[in-house]
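Next come two complexes, and both contain subunit A; in the first it sits with subunit B, in the second with subunit C.
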Partner chain A sequence: MVDGLVFSLLGSALAVGLAGIGSAVGVGIAGETGAGVMTEDPNKFGQVILLQALPGTQGIYGLLAGFWVLIKLGLLGGTPVEVNVAQGMQIMVSCLPIAIVGLLSGIYQGKTSAACLGLIARRPGETGRAIILPAIVETYAVLALLATILLLNSIQV
Partner chain B sequence: MAISDMKRVDLILHRSLRDEAIALLQDAEVMEITSENQIPEDLELKPCIEDSVVEIEEEINQVRRCLEFIQKYRQQKPKGWFLTPIEVSKDNFTHPQFNYLPIYQACVSIENQLQDIRNRVNRVNSHLEFLKRIEKMDIPLEDVGETRFTHSYLLEITEENWVLFKERLQAIGKEWYLNEFKGEGRSVLAFLVIYRDLLNSLEEIFADLSISPLSLPQAFEGTPRQVILKLEERKKSLAEKEQVLITKGAIYQKYEDQLKILFDYYNTLWEKRQTEAKIWKTDQTCLISGWVKEENLPDLEQALAKEKKEWVLYQRDPQPGEDVPIYLENHPWVENFDILTRLYGLPNYTEVDPTPFMAGFFFFFFGICLGDVIYGLAIALLGFGAAYFLPAPLSTKRFIKMLAWGGVASLVMGLFTGSWLGDLFDYLPSSLAFLNNLRSSLMVIDPLNNPLPMLIFALGIGIIQILLGILLGFYKEWRRGNYGKAVLDHLSWFIFITTIVVYLLSMVAIPTIQPVVLPILVGAVLFLIATQGRHQKNPIMKVLSGLLSLYNLVSYLGDVLSYSRLFALGISTTIIAVLARTLGSLFGGAPYIGWLIGLVVALVFHLFNLGMSGLGAFVHSVRLQYVEFFTKFYENGGHEFKPFRYKTKYIKLH
Partner chain C sequence: MIDSAVTPLQTGASKNTEYGYLIGRVRVWESGLLNPRLLDQLLRADNADQAGRIVSEIPQLGEVLQNVAQNPPSIDQALMNHFWSLTEEISGHRLGAKVAEFFTLLFHFSQLKLLLKRHLAQKPLGSIPEGVLDWNRISRYISGEKEEYVPDLFRQAIDQAKLQYEKWNNIQAIELVIDRLFLSRVLKLSRETESSLLKNWFIVYVAFALLRGAFRIRLQQRSLDFSQLIYLANPMVREDDFKELISAPADKVVEKMADIGLSSVLPDQGVFQDDPYYLATMEKIMDNYLLSMLRPYQLNAFGPEPVFGFLFAKNIDIKNLRIVLHGKYFEMDERDLRDKVRECYYE
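Now for the complex of A and B:
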C-alpha cells in the first residue's frame, strides 16, 4: 500500500529532520561561544569541543528513530513490508516525540552548553561539573527517544 | 570507614626547634597546618611571620619566565603527552646549588632583542605597504618636500576627480609642474611641483575635491622601486638576525631540568613561608596547630621524639561544627571512582562517604548504557593499556581505569542483551556460525525485539538505588543521634516504598501474600500521615500536611522513571551499531571495491557510535548518581585534606 508508506516515511523524515535542526542550532549556539572562549585560550579546545558536542545527541536520536522506521519497513536491504494507511499514521505519530522534543531540547541544551562554556572560560577546573548541566536538559530527549522506541515497537506491521 | 578519622593536634615547642619542626612536618607530609583561632587573649600570642614572601614570589616569577622562554623556543619537542617527573634526591632539592640568574638575564635580553627585531620588521612592512602603492612613480623621493620657492606633493586621486583637478589647476595659474603615473585600480598617482604663491588656491582645490596629499612615513632616498629593494634587503637581514637569536635561545633548553627543580624548590619554600604565617609564637614557644589522620599520629610523635625533647603534643577529636578536612580512603577498586565524588563535592566529616555505594552503580549503569560486547572490550583494552603504559598522573590514571571498568561492565551487559557490534553476528558466514551460537546461548534479554523486560530491569535497578539512598539517609541521621528524624523521615519512607513495590509484585506474581502486604501498606500510609506534619502547630494542619507529604511519592516515582534512560541509551547504542552494519552492507553491495567502501563506512560509523555513546553513557550514569541518588542522603561541603608537603609540579623526590 503506497499511502501507508508515505506516512511512515514522513514520520521518519520528521524525526531525522526536526531533531537534526534542534541539534544543529544547539551545536551552533555552543560553537559560537566556544570560539569566543578559544580566542582567549586556544588550549581549551578539548573542553570546548566536548561541550559543543553535547547538544549533538538529539540529531543522533532522531537519525536512530528515522532509520529504525526504515528497518522496520524492510527498506534497508530487506524485503519491504506492506503498510496500510492506519499503520503508516501510527508510525508517523510514533516518530513525533523525538522529532518535537529533539528540536526544542537541542536548542535549549545548546544554550546551556554555551553558558557552561562561559563557566569553564573563567574556571577551567569546573569542566566536570559543566558537562553535567547540559546533560540534565538532554534527559527529556532521552525520554522522548524512549517513547518513540516503545511506540514503534508496539506497532505490528 | 571511608572518611579517614582525623585528630586535631596542637604542637607546642621551644622556639629554637621551630625550623627543625617545620622541616620535619614538611618531610612527613601528614599534617594539615591551620591557624588556631581560639586563643585566649591574655596569652599574648603573635603570628610567627619572619621572612617575607615577596622575594620568593619574585624568584618564582623569574624562573617561570625562563621556563616559558625555553618552552617557546625549544627545538626538540618533548616526547609523549605527559611529563615524566624528574627524580631528585631530597638533599639536592632542599639545597639547590644552581644559579638561574645568568640564564634569566640572557633570556630577558634575547626576548628584548627579538621584540626589537619584530618591531623593526613591522615598521619595514608598513613602509613597504606604502611604497608598493606608489611603486610606479619614477621619482626620487628625496625631491618631495619644499624648496625656497616651490612645494612638491605626492597625490593619489580617483580617475573621476583627476580631470576636474587638472582643470582647476589650470585655472589658478601656470607656475606648476605635474607628472602623472598609473595608480592602483581606478586611481591616478601624480607628482606635483608648485610655486609657493599658488599654495592658497591649491589648498582650496584640495579641500573642494577632498584630496589629501600622501605624506612619506619617513625620509627616503631613491625612487620607490629602489627603496623597496633596499627595504626587502633589510627585512631579510632582520629575519636572519632573528633566526640567530632563536637558535641561541634554544641553547638554554639544556638547563630546563635544573630550572624545573628550582621552580619546585621556590614553590615549596613559598608554601613553607605561607604555613609559617599560621604558626603562633610567644617569647619562648611556638604553637603549630592542625589536622592529622589518626593512623599517622603515632608515627608523627615518634619522628618528633627522635629530634628533641622540648615539645608537647595535644590531640583531641574534632568537635561538632568544626571544619574537618576530608581524606577519602577506600578499596583500591572503589578509589577509581573517587573522582566522581570529588566532582560533586567532598562529603563533610559527619556523613557517609558515598563513593563505595556509588561506584558499583556507576560501573553497572555505564555498562547498561554502552551495552555492547565489542565496544566494551575495546574500551577496556584501551583503558587498561593506557593506565598501565602511559606515565600519567595518578588521578588521570584512575579516571582512565574507571572508564576501562565501565568497558568491562559494558562487555558483560552486551553478553546479557546479545549486542555484539549490534546484530552483526547474525550475518556472519556459516563457517563462523559457532560465534553466533555462543552469542545466542549467552543472551538473556533481547531488547531489540522485546524491549519491555529490559525497561523493567532498568526501573528495578532505579528502585534499588533510590531505596539504598533513603537507607543511607537513615543511617547518617541515626549515627548523628537524630533518631527521630532518622526513623520518621527516612525509615518510614523506606518501608512505605518497599511495601508498595512488594504489593505491586504480589499483584502480578504471588497473589497469596497480598493479604499480608496490604495491612502493612495501609499502616505505612497512616504512619506517614500522622508523622509528616509534626512540625505544624495546628492539629488540622498537622493532618493536612501529613496528607500532603504523600505527594512526595510523585517525586520518587519521577526519580525511578528517570532510570529508564539506562534502557534508552543502551538500546540506542545497539540500534546505531545495527545502522552501521546496514549501511556498510548497502555500500558493500557495490561492485569491485564495494566491500572496502562498505567496511570503511561501517567502521567510521562504529567509531562515531563508540565515541558518542561512550560520552552519553558517562554523562548520564554520573547524572543518575548526582541527581537521583545523592539527593536522598548526601550533603557534601567538606574540603580536601591538604597536608603540609613539598609542593612539586615537575619533580619526584626520592
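Now for the complex of A and C:
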C-alpha cells in the first residue's frame, strides 16, 4: 500500500510541479517583454496583462490534475483508498501528459506571447489576432489535461 | 563601461529570451522610425517649415525637434542628443550594454575627433551630451594637463592623434588614427559576440570603413605611408589589397574590388571615379548594405539582433533627417536629396 501511494503522490507532484514550472517560465518570458512595452507605453497594460497571463493556465491544469489524484485516493476528506504498486504506477503515468505537455507548452506559449507583445506594441489594432496565436499553443495543454483526466478515471482503485 | 570586464553578447537559446525586456521597448520605439512613406513626404515638402511639421507628427521624433530652432546646428544637436539618450537607455540594461557598445564607441570616438579638431583650431568645446566620459576632463587632457584622469583607450587615442598630427601636419591624420583605434575595438566586438550575424556585420563594417579611408586618401593623393595611419589587419581587406586600392589606376580599382568580393558597393559598376560625389554615393550603398544585413532579423522575438538593428536603423534615420532637413533649409532640389537618402529599416 505504501509503495502504491508513493507512486500516486509522485504523479500528482509531477503534474503540479512540472506544469507549474512551465507556466512560471512562460509567464516570466512574456512578462519581461511586457515590462519593456509598458516602460514606453503604460497605456498598453490591458493587452500586456492578457498576453502575459495566457501561459499561466498550464499551472492551473497541473494543479487540477494533482487534486484529481488526491480526490481519487481519498486524501482530501473521506476514507483513504488502498493502492497497490501497479495501481500507483498507473496513476503516475496518467499524470505524465499534463506534466510534460504543461512544462513544454507553458514555455513555448510564453515565447509566443512575448512575440505577440512585440506585435501589439507596433500595431495596437492587431490585439485580437495577437491573442489567437498563443491561444493555439494552449490547445495542446487542454488536450493533455483531458488525456490525464480520462486516464485517471479509467483506473480502478 | 568601455574598460569593464568583457561579457560576450549572449545569444544561446536560454539567454535569448533575456533580451525580451529590451525588445519590448524597442518595439514601441520602432513606431518612431522613418518609413518610405514618411521619407517620401519629407522629401516632397515644399520648404523647411513643412518638413518640420511632418517630423512633428512622427512619434518620439516630434518631441525631439519640438521647440528646436530650425537651423542645421540646432537640429544636429537635438538629433545627436536623441540618439545618445536612446543608446544610454539600452546601455542601462545588463545585456543591452554590450549590444549598444558599438554605438557608444562610435559616439565617443566621433566626439573625440571633434574635440581634437576644435582644440587645434582653438575653438570652444561646445555642447556635448554628458555620458560615460567627462568631456571637460578630456578637453583639459588634450590641452596638455597630463595628470587628468582619462580612460586608457582615449588617452592612447589622443596621444597618438596629436603625435601623428605633428608628424604629418594634416588634420586628416587625426581622423585616421582615431578611426583605426575605433575599428580595432569593432574587430574586438566581432571576436566577442556569439551572434553570427553581428560577427559578420562588424567585419563588413570594418572593411567598408577601410575602403572609405582608402578612397579618401586616394582622392587627396596622399602617400602610402599616410594610409598606414588607418589600416589594421582584418578578415576581409588584406594590406596589399588596401595599398593597391590607393595606388592602382582607376580601372584597376574595380578589378581589385571584385577580387575582394566587394564590387557591389561601387556605384556605376565597371567605372571607378576619383570624385567626392562618387564616394558619397558609395557610402550610401554601404549604409544600405549594412542595413540590409540586419533587416531579415528585425522581427526576431528574442536575441540581440533586433535591438542592434533598431539602433543602427535609428542612426540611419538621423542621417536621413539631417540630409532632408538641412536640404530643405538650404532649399536644395528634391531630386538631389532623394539621391542622398538611405533606405529605411522597415520597407
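Just so we're on the same page, the second predicted complex is superposed on the first by the 157 of 157 C-alpha atoms of A that agree within 3 Å, B and C clash if a C-alpha of one lies under 4 Å from a C-alpha of the other, contacts with A are read in each partner's own complex, and residues count from 1 in each chain.
The criterion applied here is as follows: a residue touches a chain if its C-beta (ideal position, glycine included) is under 8 Å from a C-beta of that chain, and two chains touch if they have at least 3 such contacts.
These figures come from a predicted structure and were not determined experimentally.
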When both partners are placed on the shared chain, which of subunit B and subunit C touches more of subunit A: B
First, second, both or neither for A:Ile131, with subunit B first and subunit C second: first
First, second, both or neither for A:Leu64, with subunit B first and subunit C second: first
Partner chain in contact with A:Arg122 - subunit B first, subunit C second, else both or neither: second
First, second, both or neither for A:Ala53, with subunit B first and subunit C second: first
Subunit B versus subunit C as contact partner of A:Val81, first or second or both or neither: neither
Touching partner for A:Asn153 - first (subunit B), second (subunit C), both, neither: first
Residues on subunit C engaged by subunit A in the complex (per definition of touch): 17-18, 20-31, 299, 301-302
Footprint of subunit C on subunit A - complex, ascending: 29-30, 32-41, 111, 114-115, 117-119, 121-122
Subunit B-facing residues of subunit A, complex: 50, 53-54, 56-57, 60-61, 63-64, 67-68, 71, 76-77, 128-129, 131-132, 135-136, 138-139, 142-143, 145-146, 149-150, 153
Subunit B residues touching subunit A - in the complex, by the definition given at the top: 339, 343-344, 451, 455, 562, 564-565, 567-569, 571-572, 575-576, 578-579, 582-583, 585-586, 589, 612, 615-616, 619-620, 622-623, 626-627
